[in-house]
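By letter and in written order, the chains are A, B, C, D and E; residue numbering begins at 1 in each of them.
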């Protein structure tokens, strides 16, 4: 799992039926300095996230099935939480003051 | 999952029987600047994709099984959607204007 | 599995119900010189780890299920042990003298 | 999945019984310029590959089980096809003219 | 799977009960020039490996279960063979003459 920032919604009209009505978001990993700068990825939204949100992302087909509550989801990356803060002595990530 | 561009079909004559009649495509990850420049990978085609298309790729054996509708597919990368656009304020990826 | 240092707790209020009451920790991989400097990741805590601890981290949905003793945990990274030392002739990692 | 070149057989005498009589090959990923130069890996041979062959490699425990036709194979990388060519306008990989 | 050199035993006293009595080893990937210089990882020992040995490592929760002969092992990296040699024209790795 890693912390990421939501960059943008991904629009896909022709897609596997599982994705009908589901939100796909482009996310970017947060680096140590607290800024979005790492790898980008497309994640299924499991927490009603919006652009600019700091979120927790899991890469795991099983995680997707567990959150969606359905077996055999053809997706393997999902947003599972909003991140409010990382309580570092030197704060790495904060969802509040940005 | 990640966004990629389809580069070329992969021709493989001697292969596991599962792949008979199935299309394999070489894809390359789209970088933040919206151009294909990341890692390359071979993916099973799940959406009738063509060369130059922007697509959503899942890396997950389960995803392949789910899309193909068959258990035990000996492939672990699959194209699951066409990407029309990424609705970024500064568009990262657009399947329309390229 | 890899050895990491616990950097900070991650605070996430809106999250999948599985995570209610569970501790999430930001960890950073230990490099060969024995210092935390590799990739960062968010891990579920399986051993009551604290900030600064050297821990063993597994990346695997199944590992999470096994440690938590529950199927279908929507997490795929977990701390499974405290690392006391790595018995290298030139010690790479030591949880004791730092 | 990715395209790789077979570099060399790997000789392992003391090994898990599953590997008795099975061929293990060191393979190296083919880069965009069509030359072997990426990461190296050890793969189980599923297609009677030889040194110098261009092959399709899957990294997935399930893929191994599917090709071998046996559950619980303690291997997670397998060669699943010979690659004849990649039909790129500028050919990236060709198993024929090298 | 990849070839690695065993660097050192990892001592972990507080750990998940599965690991009681099991040996954990820090291993480092062998690079193309035949020297240990790649990523480091902690692996469960499946072949009674010692420091300095060249070994074959699998990263896969299922592989661990298969070698240990027990379901639900909370580990995802395991040493599955001793590597005697890689029969390259220019030998990449040899467990004999080092």
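In this text, a residue touches a chain if its C-beta (ideal position, glycine included) is under 8 Å from a C-beta of that chain, and two chains touch if they have at least 3 such contacts.
Here the structure is a predicted model, which is why all the values come from computation and not from measurement.
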Listing by label each chain that touches chain D and chain E gives none
How many angstrom between the C-alpha centroids of chain D and chain C?
33
Round to the nearest whole Å and give the separation of the Cα centres of chain A and chain B.
20
Multi-partner residues of chain D (each touching 2 or more other chains)
61-62
Which word fits how the chains touch one another: line, ring, star, complete or other?
ring
If you start at chain A and step next to chain C, which chains follow, in turn, all the way round the ring?
A, C, E, D, B
Mind listing the chain B positions that touch chain D in their complex?
7-16, 18-19, 24, 26, 28, 40-44, 61-62, 72-77
Write out the stretch or stretches of chain B touching chain A in their complex.
1-3, 31-32, 46-47, 56, 58-67, 78, 80-89, 92
